[in-house]
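Structures given as structure tokens follow.
Next, two complexes with chain A in common: one pairs it with chain B, the other with chain C.
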Partner chain A sequence: MFVLTASVLGARASNTARRAGTVLVTLLGLLALTFIIGRVMPLDPVLAVVGPDADSSTYDQVYRAMGLDKPIWTQFGLYLNDLLHGNFGNALLTGHPVLDDIRRVFPATIELATLAILFGIVIGLPLGVCAASNQGRMGDHVARVITLFGYSTPIFWLGMMGLLVFYAWLGWAGGAGRIDLAYDGMVPDVTGLLLVDSALAGDWEAFASALRHIVLPALILGLNSVAYISRMTRSFMLEQLSQEYIITARVKGLSRRQVVWGHAFRNILVQLLTVVALAYGSLLEGAVLIETVFAWPGFGQYLTSSLMLGDMNAVMGCVLVIGLIFVALNLISDALYTVFDPRTR
Partner chain B sequence: MKTQRCKLHMGLLAAVLALGPITLAQAKTPADQLIVGMSMVNLFSIDPANAPGLDASGVNANLYDTLIKRDHGNPEKHLPQLAERWAISEDGKQVTFHLRQDVKFHSGNPLTAEDVAWSLYRVMKLNFGLATTWKAYGYSVDNIQSLIRASDTHTLVIDLPQVMDPLLLVDSLAISPSAVVVDRKTVLGHEKNADLGAAWLVTNEAGSGPFVLTKWSANDSLLLTRFDGYWGGAAKLKRVVVRHMTESQSLRLMLERGDLDLAYGMAAPDIRAIDGSDKIQVQSLPRGTMYYVAMSMKQPEFAKLKVREAVRNLIDYKGLDEQVMPYYGTLNQQPMQLGLEARLPDPGYHLDVTKAKQLLAEAGYPEGFSTTIRTLSEPPFIDIAARLQSTLAEGGIKATIVTGTGNQVYGAMRARNFDIIVARGAERYPHPYFSLRTFAYNPNNSDDAGLPNFQGWRASFFSPPLNNLIDQAGVERDAARRLSLYQQAQTLYDQQVGPIMMVSQMTDTVVSAADVKGFTGDDAEATRYLGVYKQR
Partner chain C sequence: MSAIKLNVEGLNVRFVNGQKETHAVRDVSFTLGREKLAIVGESGSGKSTVGRSLLKLHPPSARISAKAMAFGEIDLLSASEKAMQKIRGQRISMIMQDPKYSLNPVVKVGDQIAEAYLAHHKASRSDARERVMQMLEQVHIRDPKRVYNLYPHEVSGGMGQRIMIAMMVITRPEVIIADEPTSALDVSVRQQVLSVLEELVEQQQMGLIFVSHDLNLVRNYCDRVLVMYAGRVVESLAACDLQYAEHPYTRGLLAALPSMDNRRVHLPVLKRDPLWLTH
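Presenting the complex of A and B:
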């Protein structure tokens, strides 16, 4: 128990304000940079609207209607003004407000990325610990081969092979898409997460279909996270296992398992939080290749399609979301630091 | 611990066993539904006033109706649709359409001549790319309401604003994606800021076609449901489900597994791999669009006739047709589509490196020169460009390939900022007049004229005698004389070595399950699912 003095409260408020300021400046910088890149890259959003055979009067009309005749900073100012009023603009691709589109595609990616990161954690952590505690021995070599495979195998190829073996040959996995077409539109949209929505609706056949469709892409997507998490875990663990307190614990008669999991592993949890947060963040950005192979209507596909069209409203909206994801994950990771590491309190 | 592991293994095994049989049992698609896989990347507006893309036309053909349609692809013969009969006045300045009286929109509103007139007015008022078709005939937003009007509930009168062959206009009413009829009352009910329902119609429909748009989730799936009140009789299929799939091998696997009925846009190697299977049928649907190699005559090298002729001799037409274009296109060297009566036979251009070198030397380039080829980074464009790069090099022309998206490649061409381009273009429906207008016509060659809708202008090709021949054909009402004019224009284009050199005419290859029947493909990508069914 301790009393919060005025000076402590003041310091905390100042710290929070400073952090909020940093976040705002970061997001603003990110938006400005994306906006400029979008305007200077050789993509013409007008052509996407009018088609390549339109005459000049049509082209000019749409060019003006899209505000492209205004100076770039005026365009950016107008965009920010709309943004502050909660208006992200409409997407060329869908004609819908960008925010609605993101709300629609993001759950598909969250569902996939969450399952993938769970796979990464469940396999990657023990693998890294096993590799570190068996350094130079068979366990370490096996882990190295697995991580090398995870890092170096093209995910596109792996996706195709996965589909060929587990979908086409064995018939275990679902094919492309999030659910069998027979269930398309049958599950009430509550959270956008098909597994959750079908479970909430008590539609277990739809749940099984959604599960069958998500397991394979999630496993393949998670393979890279397995590699990353296990390599980082191994590295952190090796550092801990060479510390004197480990020898002391062993001398005191603790079993090898108790020392590895009870002492060394607990001490690397804080570092691992950052690793997992970063891995999850990159999965949430959208796994374009895996989404393409599995026809997964997610965030990555949406962002890529928008980029190819030069649809800057959609691209800016997506960039902002990605920025917010990383900011949020950093904040969560910092908050968890204080839980797991008393020194940071 | 062992017990826990055992439980875990048993759980996993149970899950696998539980999932497996369900998958196998559902490997066949429902008998009354058509499951289609295709890329929907280019499907971002289905507003008839602004849906120039091929994919959007394919969707709208099922949601909307036109007044008439072509009779087996003949641009001068038409069949009734919404109009049960029509008449062209003696002087050729007026066309009168008499509409069916039993047509209802999906909303239940009756379809009237007023809806037809308003649909065309809407296209002109919004002035997107598809308005170009009607502008070419002399219509404008100011005159269209007086020139295209309903004389009574089911009679539409169209006056021609300029001297021209009225059959051209009649044909445009059959084939233009903007010639479909929208439900005026429904659209105006969704109008915002006097936009004539433009924002709403991007993702919604107000048609009278054989299917209703039930759901469209961009880059995900699209659902068409049968319209039981269709005037031409209800479709045989209850639903058509289109799933966004960009990966050709995924399409192939799903077709083989029986989870897909029909796939568009598969890559040639995948089609080749399953062509011949008794479970699959492969259909080639001819399209009007042409693959071509175009040179910009703004570049001093290509302004010279002999250099253009040299390039023509460095295109390996036969090699491209046999090795690159199977499943993508059919050899065609004329600026006019195969099967048209007005089309002359191929002139027989072929790879002749010796002649090309001689021509280059005569043009003042004995050592060749360097240039660039712009093209899309996808097959068959990139493959045509690579083959061209190789044969140009044999003649001494060193070409660097610059790839980009369609937006970037066509953008550069529209801006007349290119050397050589490998691209695709032309009217989607074969027509002698419009093909020649697209490739060979250029009324004003100045940059300021801003005529990117003419590909001849984009390539800076300017030939007054050719313009004159095309203009004459556009107003000639005598069929024999018109035919002669079209043929003279092709001969002149050949003699002048036009810079846009056709290499192939596009075909769409559609792969479907063997039990899918009645899918014949229409004159263009406006393929209707009205008569499609499954024979099980």
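Presenting the complex of A and C:
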């Protein structure tokens, strides 16, 4: 008994170690790739610092100060060393350390993407279940049209149309930015999530304003997840609904709803978890376009402007953060597998 | 045999797939009383389809018609889905073939049995649990408290099938359709499962439709046998008279059975007569 327990624990530990190793290698590969791309691109990081009017001695000085005269692998090594000491370098755009910048812009994106994924789940999931349980009938066709629309409509076009209709014409939405100017900076910064912070402060007017601003971009950003989640839900459900245990459930005299939600749906939770995690990850990076259209001061906008400037410190910092998020989401969904599927325990 | 529970006359099932139509069950008629009725036949002969049609669990592509398909006073043919939900499980239930696939993999087996009970009885969770424990004991499962909390992948095939039986009998139905209930089991546990089923059927005076392709099993286990071939009932006779079967198809099947006393180098191959398809 003891030996068994020990070997199980050992297997678990080695499993964790293996997974940690994979994570490290993934992140290192990601960094190396971005680093090389950044150095190969015809961008001049020095020029971005000194400006076009600087003389050549200043240029050379900065060139050496940035370590650009050393071989590329040495540069990469130095960068990694800095990273390990928590130093992501300074961003050219703001002059602040990259890490501080990311910390500042990230909550805006998290808030947007989280609301978007909530829309994706709340709309996409029932849509997919409805499509599967009405296969070939009306519900399925409606879901297909919505899905097609969500997949194929460019997000920036939707963003502009949304602003035109709901902001300019109807005046329902809040327009550009995270909150009306009157409340800007008035909400005490606790989590960086305006909805949470204004609610914590009990400032319901600010909350309403923030809500009016976030709903439209979140809906539009979430539309792609609606399409993705409903499509995947539909195919997972179809697979389950053709299983024998569905017949068993019907033999018991259960209603359609009980069979669909109580039996088939419980069996797709594990697969859905991965889908939602992936969708959430791609929302975080996919926020770039919608943030530009809605002047949303988030991660996507920061990344775009850094890219335009050729600011590799900021870009690599962002890439690392996105990579970390993806890896973390994957680990979390793996860990949750055991909660939903007794066979993996 | 006493009061007629099921009366089926001229049952036809067609599967329609675009232009293609498959006539799976043709003019099948039988009655079921308080007895064990076997339906035997080869794969694809329509025997499982008959069982599923009685509960109207056929896929949407199937078209069912019949002169009569009555359960007591109830006309199953015209019964709505809502009415069928009241009948399924509570009055007619069905034991499926392989517990590996017919139990929901992510729900505790005890809860699956309790669900069958709660679908038709207003009872508290703890009452249902109590009933499940009794039922598990009736299907000869020792330590029902432990078994209640197991998941389907944690039980053996024989135990899984006894759980299936418990689930389908807990509501005391009047008719049970057993769709090859032992085909997926080892020979060693087959007898055990069959005797559990027999015990409950006799105790609760149920009618049993036993779908199988095991002639020897059916001969000893059931009262009456319907032999199906290509969607038709070609012969209907008492199980004990099986050896006196007249139809050449049944005779052919019997002749193809291996026997300990009469060893043959080659078993005879069934010769099919196209006439069987029309008569």
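By definition in this document, the second predicted complex is superposed on the first by the 339 of 345 C-alpha atoms of A that agree within 3 Å, B and C clash if a C-alpha of one lies under 4 Å from a C-alpha of the other, contacts with A are read in each partner's own complex, and residues count from 1 in each chain.
Here is the rule we go by: a residue touches a chain if its C-beta (ideal position, glycine included) is under 8 Å from a C-beta of that chain, and two chains touch if they have at least 3 such contacts.
All values reported here derive from a predicted model rather than from experimental measurement.
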Exercise for review: Could you look at A:L93 and tell me whether it touches chain B, chain C, both or neither (first, second, both, neither)?
Suggested key: first
Exercise for review: Report for A:D341: first if it touches chain B alone, second if chain C alone, otherwise both or neither.
Suggested key: second
Review point. In the superposed arrangement, does chain B or chain C reach more residues of chain A?
Key: B
**Study point:** Contacts of A:A249 with chain B and chain C, given as first, second, both or neither
**Key:** second
Review point. Does chain B (first) or chain C (second) touch A:Y302, or do both, or does neither?
Key: first
Practice item. Applying the touch criterion given at the start, work out whether A:L47 contacts chain B, chain C, both or neither, answering first, second, both or neither. Key: first
Practice item. Could you please specify the touching residues of chain A with respect to chain C in the complex? Key: 243-245, 247-256, 258, 262-263, 266-267, 269, 340-343
Revision key, fill the gap. In the complex, chain A touches chain B at residues 42-44, 47-59, 61-62, 90-96, 101, 104-105, 160, 163-164, 167-168, 170-177, 180-182, 184-185, 205, 208-209, 211-212, 292-295, 297, 301-302, 305, 308-310
Practice item. Can you check the complex and tell me which residues of chain C touch chain A? Key: 52, 55, 57, 81, 85-90, 93-94, 96-98, 101-107, 115-116, 119-120, 151, 153, 164, 167-168
Check your understanding: Residues of chain B touching chain A in their complex?
Key -> 16, 18-20, 22-24, 26-27, 29-30, 33, 35, 37, 41, 44-45, 50, 52-53, 127-132, 135, 199, 202-203, 214-215, 217-221, 223, 241, 243-247, 249-250, 253-254, 256-257, 259, 404-408, 410-411, 413-414, 425, 450-453
